[in-house]
């Protein structure tokens, strides 16, 4: 249930087109829906500004399809993350407006309801191998109503590539920095801007990167200020935090 | 050098009261100042919205005093973190407007220049032992121009204490959650609000808390969205990130 | 050898239907049985209230079948955990009363001997991906004689889903909380009840969850009281501990 | 507020000696008390069967004294853990019934209100250096209404010392096993009993014990069933869980 | 080059059947042999009492075959560990006396030269899943000239199974204890015997066993004396150490 | 852009064959090239003495081919590391001078431009399984203009094999030591030479080698002096550092 | 109770000088002695060849004194490890034959009962800072009846110092190698001898030695055979294992 | 024994002023000197280009003094690292030319024998708290014959401070980068130069810096090439490696 839907309902009550009892029922019924294996949280958009998002891993194709169907029926834009082409085919057969982004591994089923935040989110990535995480962030930020700028492959090994882009970077409201290996890009960017920087360590690397731990620790220990860190490879979470910030702007 | 100072200088040039050469000199000279053991970064306020902050550990009393003196002379509000009563006595003898907060372990020397962000930062803490970190965050957020609300001792072991305060929590622009032990407070709060949540794990705990690692991992793995994490015990960093967000609002 | 079987034997001796020598032999022979690759512990039910359970991984299909055959022949209810459809087919061909639960990955061959504990075990899970572990706990608790209630998908990101169920939760004798990612559910539940809470971290998550380590540390550091933790993904162990508690009730 | 106190209040309302408004006020006021630095949770006894316990580390002597005073005034038995002789002197000056156990590092101020659980908790320890943790568990279990048996220095390096005591061990309702170094005692005991075993790893050891990590991992990986683990050195938590179990028996 | 071979050579010189120059050449040539990708260490038997052993992983089938051929040609008994059926087929085609043990994953090509140590090595294992490591130890100990006794599936969860075998265990010169999960068996055995105990942690387990780390730490922290630990799953290394001990006996 | 190319351009300007504007354009355009998914850093050879190297993992075959094509077109020798036969086939079809080294997993497309450093790099490896990393180092060092000597299979378990080669080792300008398992070779070699030693831990090993962590820590803690460590399995990085050193010699 | 004492008792029974009842009583009473805080294990010498040893840390001066008194009274040689001058003064006042070794931090109270093992234990140490651990091993090995040779400061950074001593090293029955930092000495020695090598990692080092973890992992991953590892800094344990081996020799 | 000393000796033999026997004796005797607790390695200067350096921790004042005396007597420049004012006083009383650097915590006793390497080593540090490690590197590099440039407080949080110094940085033969916290400085510098970069992580930081682990991992995972890493806080080791490189230049 989005804020708009609730407002509509309350105005209906005010206009005496809907009885209080019926309104109560609708609100209650829409609060969450029991699927047995899951409880869809229809009030999440009200509480958090965006409907429940479906995290793909650990769910069967049928479970994902069922949740999509219910969320879509409730009028929500649907976002599935870390999913596959195969899941997309299944969803698409039933909900043909679904869109798949193979690099970001996301499915989006638009419902036209997410209002623009008016904010601009810029996504920087350090290397080519960080792209899937960067794209997950970019797609999520777009679907949540942000203008998104992508600036990729600007790792600190070739600092001039980054310095060339800093004017563009400074136009952002929030900057998402996606980097694996040693993850130094977040500190370097944060030292040059006054915007909030959301740092996403990636599992890109080998040996002593220990699956992204090196980049994670780098980002947590940043000597530059204004950096908040999310989980390794969590492009979605970075975009969600960015949106919580850009919505503030209104 | 703050944005105001630079504006003043440029207006002086425009009004032909200052020659371009002199202006150039002043800007250059103010960029950073070489102290031998340190290079004071006078442009940081321009780049990042707040002057360089002095992190106490690893610096001698004399080094801290020298940096305070220069920053203060340059017209900046001075903030020293993780410091001691003894350092305060030394600073106070020379700069009597200095203020010491023994719980937060901070020294502030106000210069009246930080403009209000217009934002409200609410600091929640889980337990009594988390107070030093929470107060460091609160003092920093205040000195950076935010309205600050403190809500302490609302850990999840007594959830009703938190639920009672949620209306007040929702008035914030940014929420800082300070918690040690298992650090679950960040997830629980983030699940109930739409504002950005900055999570600060603390080293409070024993045994398998491993110096704050348990709370850190909890916060990084939060199942709720809109959470950015800073380093263990980093109350200052949380407030700096919060300010980067509240300044966005203007 | 269950307590009932031993009692029967001793009553036979008392009634002079069985000679002491024969009784001794039967007890000795039933103590454990040498299979070469394994020693079946037939006295475990006597010592611990439930026959030896077969942990599937690292055993061949033939080894599992052989142990099932012997345990079943000794009159025990058989439980195989972490097993597969393929192993089930092999067992079913010989012991057709075997039942397979694909979600829990368990095989049960009932022997009708486990007396009810009279206790109620409630299994909570945080997310859909935690279901296999939650079901392993639920199936084990049932086969060990408990009444079992399942309450799934009540993670702290949508706290109202949990609060709605708390009345039902409070009816339990023991509560098993199954959660991955940050594992905060255990603390939140334990803070609201007076029953013992058995916390099962799961390996669900990614990045800094480090295969369940994050949830494990969260649960060990719980600020709420009354929480005992078992190994990551150890649904079986949680149910066995729960049964040790519910049997106490009698 | 204990269950007895609430019952009294409600019976007063039923008997029309207390007005509903006044009862409401008393319940609300007693829910938690704001001390500025802490919120005393007066309803914890209602929710969890024992009043809030004061964990000493990270609190000043004055903070501890203030909380003791309020809890005692509210009619609760007070327990302070991980405290010192010095704190005890301060409390004793004001509340002379306070008792100090230097080995367990606990202060108890009895209020005569904790009803017996009717259960027996047996505390085993592996070595002499584990005694402070074992005593913390024993004192807590006693003050929470259990009969307590102490069996100390029965580590697995001299198995006959343990085997000699097994008959006594089997009389317990719940067994707490306290062990550092390799922590093998928990598995060995759990393999011989049917009662729930609460395992407390201690930080006793050196080198690769890594502050109790070795014992913690041993206990979590126990091949014997019926074992729940609490945090390293958490004698208090073990006793609280034991009490949650023994209260079940009634 | 074994000690016998060298003795023969020197006796040939003494008897003037071999010239000193030729003897020198043979000794030198036999010291190590350059294969390009490897240098076969033909003197290892002289220095360490057993020829170089071929550790399978990371070597191609052809590389293993080449090394086998040279070692065999030099008169050494050949042992290949952690190998596969497929490698065996290739070796067997050329060296038909080769023997494969699928459980231990070893190939042995006997050369009849290893003299008996006169010692007895007893291999204990905790569970069925530990068998491959236990068998690797047993096969290695046999091929190195020891009498070997296997006692399997005597984990501490059923202590009576172990106690039953202790008389047999005490007949050993060296005891190898192979255990995964919590690895407590090593401490328990070492507490009951005076022989040296070689502890082999295995990677058997899940969750917080962290690939054998839990068992490894348990064994290193053993409170019983007389325990030496080898690497996780290193059955071969345990047997080699055992042989270094039993050879001492002569 | 290599140093030679830039020199040519500037001489063209000096000789008035190229206008300053055109020269500026060429330098700028050649600085880096935007491919969308990557920014090729054409100035790297100028800054670091060798063109950008293509790290294979995480890049598609098409991405690698595109980058090869551009680098080759810009006149650079191309090096692809951690690649496969399949990628080689694709490149070879278009750029037939490409060479594949299956052991090192490298592709080299020579452009004849790398001047000899005049230095000699000697690569030592401890065991046969370390060869892929050692070969990656050797191939990289060759393609960067060094004379390369390979000395393989000289691990410390057979010290005489190493001592035999020490005269040859001492002829090197830089020594690269590649070792997995316990990685002791680096310390032993560094204790006997005065040249800089670059230590490359490998992930060869099992159990407590923890993917190369054991060798990494060994090398970082070397008691011998003159040792610099690179990431686990980073043969390429070792050779690049060696080349930075040998180029110094000129 | 030592083997000799028991033999004497049994011969007394055989000779009818002691009644069976009295013998039984004496054996039972001497099995272990209850001190309240500890259970002295008087049968340990029988089971393990040496009386219980007192590990100092975590025990009060009075507790240590009490245990010494009882062990001494029972006729055992007493060994206290990791103790202090202060404890020694207290013991010496009562048991003047006590000897303190300040480097090894040991107290020995000889009782003249430990028979020589006939074996020779050689203790090697890598650096000067490893001496306390090396001396703890040497003192323990002496008091347990071994001939002990000390060869100190032979770390691999100066290999010639070690090679010079190898002839002496090869005379040992068992070799104990004590090394911190990277711990490579164990592998190097083990590669040159056929005796069992007991490796003792020490916590000597800094930074990435992580309190001895680096040396521990090095020793566990040794590529040389015949190495058994004990806990970090566990000189006592190494000597006890060495003695278990040398006693075998008889 | 330095190279010069040896040359002198051999020339004496050639000139028939010294008999071969005497020369042999002197070389042998000077090889290493037995102090009981240590073996001074007088040949290290021959093998490694600089005499043995005394690492202070874990050695008594007397031990350090003894080693200084012998090294000085042998004509070597003496360097003591990680030492104290107190040790300096003791040395100075006997060897008055000793110099103490309190920031670097080093003592130098010059002997005028170290020839200049002709190389220039530039030491960069990120923050004020990194100075002790940076100074240890600088003092060591000077005493080993290098020209040393210090550029301090150029951390990436204020990138302009670093960029301003890059021309000076590029004049170095070897660059040592000393940085704690996130350690990003090493990658940023290495991306801009072609010289070898020696990265020294420091333990400066808190929380998730884990005693320097964060900076260490950052440096090992550097995306820029030409970086070799030494142990945490190992300023000495960095300078020794730098000297191994600059000596190459000759």
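As written, the chain order gives the labels A, B, C, D, E, F, G and H, with residue 1 at the start of each chain.
Assume contacts are C-beta pairs under 8 Å (C-beta built on N, C-alpha and C of every residue); 3 or more make two chains touch, one makes a residue touch a chain.
Not measured: the values here are computed from a predicted model.
Interface repeat of A-C: among D-G, A-B or D-E, over half of the contact pairs recur, by residue number, only in D-G.
Taking only C-alpha atoms, you rotate subunit D by 90 degrees to land it on subunit G; that is to the nearest 5. Looking at which positions face the partner, subunit B and subunit H present mostly different ones, since fewer than half of the interface numbers are shared.
Chain pair with the larger contact count among D-E and C-E is D-E, by C-beta pairs in contact.
Taking each chain's centre as the average of its CA atoms, subunit F and subunit H sit 27 Å apart. As a whole-number value, the distance joining the C-alpha centres of subunit D and subunit F reads 61 Å. In whole angstrom, the spacing between the mean C-alpha positions of subunit E and subunit F is 39. Inter-chain spacing, taken between the CA centroids of subunit D and subunit H, is 55 Å.
Counting partner chains per residue, subunit C shows two or more touched chains at residues 127, 157-158, 191-192, 207-209, 213, 216, 220-222, 224-225, 231-232. Working note: touching chain pairs come out as A-B, A-C, A-F, A-H, B-C, B-D, B-H, C-D, C-E, D-E, D-G, E-F, E-G, F-G, F-H, G-H.
Residue ranges on subunit D touching subunit E, taken from their complex, read 126-127, 155-159, 181-184, 187-188, 190-192, 205, 207-210, 213-215, 217-225. By the touch criterion stated above, subunit C contacts subunit D in their complex at residues 47-50, 53, 173-174, 191-198, 216, 220-222, 224-232, 237, 240-241, 243-249. By the touch criterion stated above, subunit D contacts subunit B in their complex at residues 31-32, 36-39, 41, 43-44, 52, 57-59, 63, 201, 203, 211-213, 216, 231-234.
Listed in rising order, the residues of subunit G touching subunit H in the complex are 127-129, 131, 152-154, 157-158, 160-161, 204, 206-209.
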